[in-house]
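Pasting the structures here.
The following pair of complexes shares a single chain, chain A, combined with chain B in the former and chain C in the latter.
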Partner chain A sequence: MTDEHTPVSGGILVVGGGISGLTAALEAAEVGTDVFLVEKNPYLGGRVAQLNQYFPKLCPPSCGLEINFKRIKNNRRIRVYTMTEVKNVSGSAGNYQVTMETRSRYVNNNCTCCNACVEVCPEERDNDFNFNMDKTKAIYKPHDMSFPMKYVIDMEACTKCGKCVEACKYEAIDLEMEAKSFTLDVASIIWATGWNPYDAEKMDKLKFGQSNAIITNMMMERLSAPNGPTEGKILRPGDNKEPESFAFIQCAGSRDENHLEYCSYICCMASLKQVTYIRERYPEAKISVYYIDLRTPGKYEKFREKLMADENISFIKGKVADIIPEADGGVTVIAENAVTGEKIQEKVDLAILATGMAPAIQAEGSSLGLQMDDSGFLLGDADAGMIAAGCAKKAADVVTSNQSATAAALKAIQVLRR
Partner chain B sequence: MTMKVDPDMSFIKYLKSAGGDTLKNCYQCATCSVVCPLSKDGSPFPRKEMILAQWGMKDKLIGDVNTMLCHNCGDCNTYCPRGAKPGEVLGAIRAYAYTHYGFPQGLAKLASDGKNLPILIGIPAAIVLVLWLISGGMHMPEGPVDFGNFFGHWDFHWLTKTTFFIDIIFLPAAAFSLFAAYKGVSAMWNKMSESLEISSDFSPSAKQFTLEFLWPAIKETVQHKRFNECGTNVDRVKGHLPLLLAFIGLLLVTGYSFVRKDFLGLIYPNLHGPIPLYDPFKLLANISAVALLVGVAILWANRKKMEADGKAAPTFYDWFLIWEIAAVGITGLGAELLRWADFGVLAYLAYYLHLVSIFMLFFYMPYTKFAHMVYRTFAMAFEKYRESSFVQKESS
Partner chain C sequence: MDKKYSAYLCTGCGIGDAVDMEALSGVVSSEMNMECKTHQALCSADGRTLIDADINDSGINTVVIGACSPRVMQDEFDFGDDKITIRANLREQVAWSNPADADKEYVQEQASDYMRMGCTQAQKSELPDPFQLEEGTNKKILVMGGGVAGLTAANEAAAAGYEVTLVEKSDILGGKAVNWRQSFPTKAPWTDMETPIVNDLIQAVQDSDKITVKTATEVARTSGAPGNYNVTYKQAGTKSEWDAPAKVGVDEQDAIDKGTMEDPNAGLKHYMDDNPEGEKFGAVIMATGWTPADVSEYEHLGVASQNVVTNAEFEKMAGQGKIVRPSDGKPVESVAFVQSPGGAEHDKDFPYCNSVTSLVALKQAKYVREDNPNGKAYILYQHMRTPGSMELFYKAAQNDDGIFLTKANVMKVEEGADGSLSVEAEDTLLNENLSLNVDMVVLAAGMVPTTKDANVVNLAYRQGPSLIDLDLFDGYADSHFICFPYETRRTGVYACGGVRKATTVDETIDDATGAALKAIQCFESADRGVSVHPRSGDKTYPEFFMQRCTQCKRCTEECPFGAIDDDEKGTPLPNPTRCRRCGTCMGACPERIIGFKDYNVDMIGSMVKAIEVPDDDEDKLRFVVFVCENDAYPAIDMAAMRRLGISNLVRIIPVRCLGSVNMVWIKDAMSAGMDGAMLLGCQYGDDYQCHFVKGSELADKRMVNIAETMGSLGLEVERVAVTQVAINEYHKIPEIINEFVEEIVEMGPNPFKGF
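And now, the complex of A and B:
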């Protein structure tokens, strides 16, 4: 166990290295504050890294993230810990002791990403970065623009055969590397723990997992991304068919007291954005969007209006409440068109569930002593130096997350300088 | 299309008080119409009914066949993302419609409010009591308990005195109740035709109506075809089916008893008195009585559980029928057991209560939840009529 006690003035801990955590950490560090940035995954960038394009300007994630990574590299006040989780928090505002635990990466800083290890590795694992739509070797690069750019071993898949150790010219692999725990003294903590896609299997009538033609919106991002499992071609998982018809199922779990009782905010715009992915690749494809209400706030109205003028896109007011897998690999989605009052059964090649945002901290939140609302979003307590940011606080898009992250940085600094 | 919305506030208030208090939670996502196993593609429900109810459009709803076709399976309640309980709202609309169509109105209103329960019990209790006083039967009959002596005894070998008194109480009551049901159902039929704008130029004959629409609807009801399609509350079939079969069994027994005592009894006086236990009809009667009690117990437990889970609100409309059927079963079987045990006063008292509860069940039938047996059956017949060439020919 190592102690990394900071000077009395302390620093700020940012939990979560997604877009909100990166922003909060950089904002604080760039005005001269010491920042510890911890991230559970082996890479920074969070959910944004998994997207194909993101609002407001439909940039690829490399655009915003690489600038942030460069700012981190150039700033000696930020210390980044990947594969690290908060285990315990004690103390009070201005004087927190936080116990951290870093899992073993089994790959050290000598790694040059030469890929020699992957070429010899005989074992495979499901690639969770791509929502298990493809596989990686047991030693792998998390994704093409991982930061830090280092490989990692999944010990659940690894058999410790040692082939990678032999293949590595840089002595970068240590199969006996151990997990570390350590304590940080900080003045305040920014919780930017983000979100997970809501588990689509919980909506039994939507039959996720029972047909390859039913995917989630986040899977759609990976299918569309050039660094995804299909290199950006939108193909149906399983049989790699080029779909000719698509159905977007909005509010798949959101605005539903049996699942997520709140509106997840991003799904309408995400689906409309994904409609444009399809349009670029399949100009003739038939697309239906089933919705309760379309929520396209502010300037996004223009985006919606443009798509609604497209004759090959149908917008149907009515929630898809039942999906039936068909023998030919497609699915039939069933809804009532609330405008015409007729039930619709539409057969499509691919159905995309617009699953919502579930706060990622929900499970551990109460054991860490955090205050949450009924849905598991963090309430935060700025006076106590516990500040929530981004999607840990409420379902939000990137723009809103960054605004809340900047605000969180300011509040964290205020506690520090009190 | 424009539609003038003229909300009937008292209607909305009634729905909220009668189990539909969740009505305003609905945000029209139409999940209910999709998960409803009875909802048809061309005319899905209950999403549309929910917004009509929110807008207080009473006229549209009481002439809406879907509201009557609903079996309150509860699948809509389970999957509703807002806890708006469409099934309960439709139940409240039906309760409202039975009162609305009820003939005569005074009686219909009386039977729709739990506050009137003492009067509802008092009417048959007084009728039977007064006739008992008139009959001069107010003394303990001698010998073993025989309900044939309840209203006293005549040495008149044709119709026994009790059979005669039972006849003068129940035959007019049954005739009145049937007439009231007929009035109510035909008012509903006309309203439904009106809302579909069906003119009466091509009406089916009585025979066509019975064979093509009513009989298939009755067959479907007895087979519980639609009930069996329910997902969430399919357990209710376990209670409802034995209950329905019990009623059919008891109807046959009553018919048999009527023929035996009122007609054959005129010729063969020895047919009076209790029907012997080995008689197949008596066997059917006892089996039906047990089925009735088992059925109503299951429905009772089911309703309690739904209420405990917050899936239904306790309403007089729902409980009156359960209480009534339970009362008929308990007093009936109780009277029979007490008769066998020869507990004089208790046995006759149970018989009295049995007469009172049967009167209540059937006399108030057209206005209480029991009315669903006629309204829903005719709504199913209407649905078949709506899809038949009588209606379709005109619209083409």
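And now, the complex of A and C:
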């Protein structure tokens, strides 16, 4: 149930509406607990909403999200607040007071998603959902399967020309809508604040931002997605070239004491999955994967085995030392094969940086009184009713995140019942 | 319920531009005999006031809304649990699926059919009457297995206020972990090994007044269903007449009856026999763990030598004190850890490994260093797998001068005369071959789930005693669903720990806590009379009109969740709390005696018949498309939002799962003169995406049969089709549907039209 207007108090609070937060909220609500779910973005689904497919099944994340959204619609115990952030937490286990702030959407619940506003809007903005690889109008639907299915205005792009207000037959647009604060009383809080892609520009030698031929793995997800900026065609940004050769640069930031000390867990499988995206579209393309170790443990080994048999894919154990942008729009990857000692210079049309996961809460965590480790992952304190879940707690894949989110639901309920 | 109907049409979002609303309203009032009102924005406060007023003033309790997709505006069109609300999708499927220049007549006919279908659905729909167990809902949890996973599940469920019985086969609690010297780090700085927590877990279980422990005990069988399981114990290692019987299929039963096959269940109680001595439970947590993998096949790794041991054996030695060489008791100075058995052939880990074995090697290398300051440990790997912050544990080992790590193809291990071992390795990071002489070699053997070769859960079910199709997961009791890791094909049974995945203690604790939540959620849902995932909260359940049952057993065989048992004659005995409400039984039943209050064979059949089929116009062909409501239906909505255009000769009917499609609907459609019928559902096969596991696969088989039947009647088999489509393939949907339509348009109308 979506109810962004009438805050009520009691139950548990879940911060973050990505796959972990959704799972924690739903699993708790389906036991019979009252749950408040808050999400910073104008839509739920978090990072997985941006993924084209999950590994190893290569199934679309929107399938599971659709089920979860249906579970929300059918459950009166969940209240969802999008565009909402936690501003302050006080109290103690069993009795927290949490102050929230909801940013203005400038579009109210009358919105029917008829799209008339978009048709008349003269202003554009960079589409952050697609990592700025395309544009939306200043009033926009965050993405095709957004939930809640409501439009939103980016006030930084809007000039308040009023054309959308005029075009809207349902009085759904309020350009003067104000942000609002409210307070919830809850017994326990699940922090499922997820992750951000590690900032690729911080790795000087990988030259991200200096060539269109250098993209991140998350950009690759959007390029491959049917609802992405290229409608699922993998084209080089800028010149829309169909690349003939690709290089994956593993551990772009991860396992590196100057960047992320830890292993981000998912990037090896994510790159191998993206190899299948390329193979599907470009059967002849040459693909190289530069790695330290291929971390495809357990059931993921089968997935790797299939790709290892592809003669047009090279797996090179060696860390990439440098990437050099070339005049023809491609790049040269420079590395050393750790086993043979051979120096490698490989020219490719597109280089994909397997950037790691940086915990998203890092900046504001301490101001909210949360305990974090040196890397910024939440420690959580279940006895105190502060529970960490999913990638806020550790770098993990979706299955592991959901196990941890389901566990978090029970820990939160235990506090409620104490 | 004495139904009082009213229909409402919305002209907003382009519907009014595409359709003549007055004429449409006329169809509803004259043909369907329902009062019909029109509003320019039904979802607005004003629109809802109109409907609310009719509900309050005229006693309307069954509302048909002709507006947007049922996937949106759910809150707006929620008039309470005591009202029936049916949505006809005029916006996405009519207004937004037709181009602006579409032939108005065709669009009008399409809208009229959707309203006819919606009104028919309202007439055939009843309010649900949730199922309640006669005995009431039992809320006790059975935990099978007393290792870290089982102990955690028991403690966590107890901490939420539930009673637990923990059954452990061996004489003591703790499982594998009682033999460990130390555990991996679980917190920053991620470099210090920890005292295993297993003793704390055992203590907590023993101190809890909510947990009953039964050691040296096994579960002989579990019968019944969530909220009402009946569990028979037995002394571990013994046989019992209550042991869970093997599955006996229809053909096997015939063979047994004829005496051509031995009864595998001779001497055992029938699966439906109820043990009055059994103990009742609400849900089961399966935490039966793993056994160390057998490595005897790896002769090139010197397995014949006493001094070559598995990681599990080495851990046990380390737990008992200083590590000494098995052959002569010499304190160990050097140990080689072999992570991958493939030599130059392949770079995979041992079977049944996960990242755990990389971590174990690091831990055990540290033992070598602890026991002997001059000790040397060599870790020979293909890929070190230390996910997340365990990377820091790895790094700490790299910084230890006594621990030497390299990628290597380990070619050969041989025992020398003095018991020492030579290890030959190639392709190392030293850019040269390596020859080591060590006291011991430790092989990184995997963790084989107890479910690989045994039934373990021992259910007394018609479909047999075990979780099924686990070969898809190499025998692990894993879930197939990435988003829903606790889903199995046996509602009420939740696996956790090593039986699901080779996993660390840290992850096991999360997993076991999650399993405890799912167990609780399962019987709490049963108690409220609602379904669990994926149709969680659904108050309907399949009801059987047994007088007409012919005991064909299709429903008992085909239910993906084993929800239906049977009696001696073969009459189905449904267990609604095992049921996931997919309707596969309803699709399977040739007598059409299974249905839900708001979804049944008669309802959908009547909706199909409500479609008007012109029999005098060769251009106006009619197609019915049954679509999976979770994936294909939203994909069609998305295609509409993008205005991709879908043929207006098509009528779309959402179904719970393709498994629920009863082939009589296809026959109804064809005999009504429709020209083609299509099913759009989820991918099946090893990487199936069907959330009811078998639904789309079964539908495909049934459609092959119906095509054959049609062929024998002289109808082209191409008139029926099944296509697999994923939710994000909405760009392909128009093509899939339109090509099907075009093919048949070319073929010409149904030759039996008008008969």
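In the analysis below, the second predicted complex is superposed on the first by the 408 of 418 C-alpha atoms of A that agree within 3 Å, B and C clash if a C-alpha of one lies under 4 Å from a C-alpha of the other, contacts with A are read in each partner's own complex, and residues count from 1 in each chain.
Going forward, contacts are C-beta pairs under 8 Å (C-beta built on N, C-alpha and C of every residue); 3 or more make two chains touch, one makes a residue touch a chain.
This is a predicted model, so every value here is computed, not measured.
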item: Contacts of A:D239 with chain B and chain C, given as first, second, both or neither; value: neither
item: Contacts of A:E280 with chain B and chain C, given as first, second, both or neither; value: neither
item: Chain B versus chain C as contact partner of A:R255, first or second or both or neither; value: both
item: Partner chain in contact with A:K205 - chain B first, chain C second, else both or neither; value: first
item: Touching partner for A:D381 - first (chain B), second (chain C), both, neither; value: neither
item: Partner chain in contact with A:T112 - chain B first, chain C second, else both or neither; value: second
item: Which superposed partner A:D128 touches (first chain B, second chain C, both, neither); value: neither
item: First (chain B), second (chain C), both or neither touched by A:A338; value: both
item: Set intersection of chain A contacts, chain C complex versus chain B complex; value: 255, 338, 341
item: Chain C residues touching chain A - in the complex, by the definition given at the top; value: 12-14, 40-41, 43-44, 68, 72-75, 156, 159-161, 187-189, 347-349, 353-355, 358, 381, 383-392, 395, 407, 427-429, 431, 473-474, 476, 478-486, 501-502, 507, 509-514, 516-518, 520-521, 524-525, 528, 532-534, 536-537, 630-631, 634, 638, 641-642, 682-683, 687, 689, 691, 726-731
item: Residues of chain A that touch chain C when the two form their complex; value: 1-3, 19, 23, 26-28, 30-32, 52, 54, 57-68, 70-71, 73-75, 110, 112-115, 144-145, 149, 169-170, 225-227, 231-232, 255, 261-265, 293-299, 301, 305, 317, 338-341, 373-375, 377, 379, 394-396, 398-400, 402-407, 409-411, 413-414, 417
item: Of all residues in chain A, those that touch chain B in their complex; value: 205, 251, 255-259, 292, 318-322, 334-338, 341-343, 345
item: Of chain B, residues touching chain A in the complex; value: 27-35, 39-44, 47-48, 79, 81-83
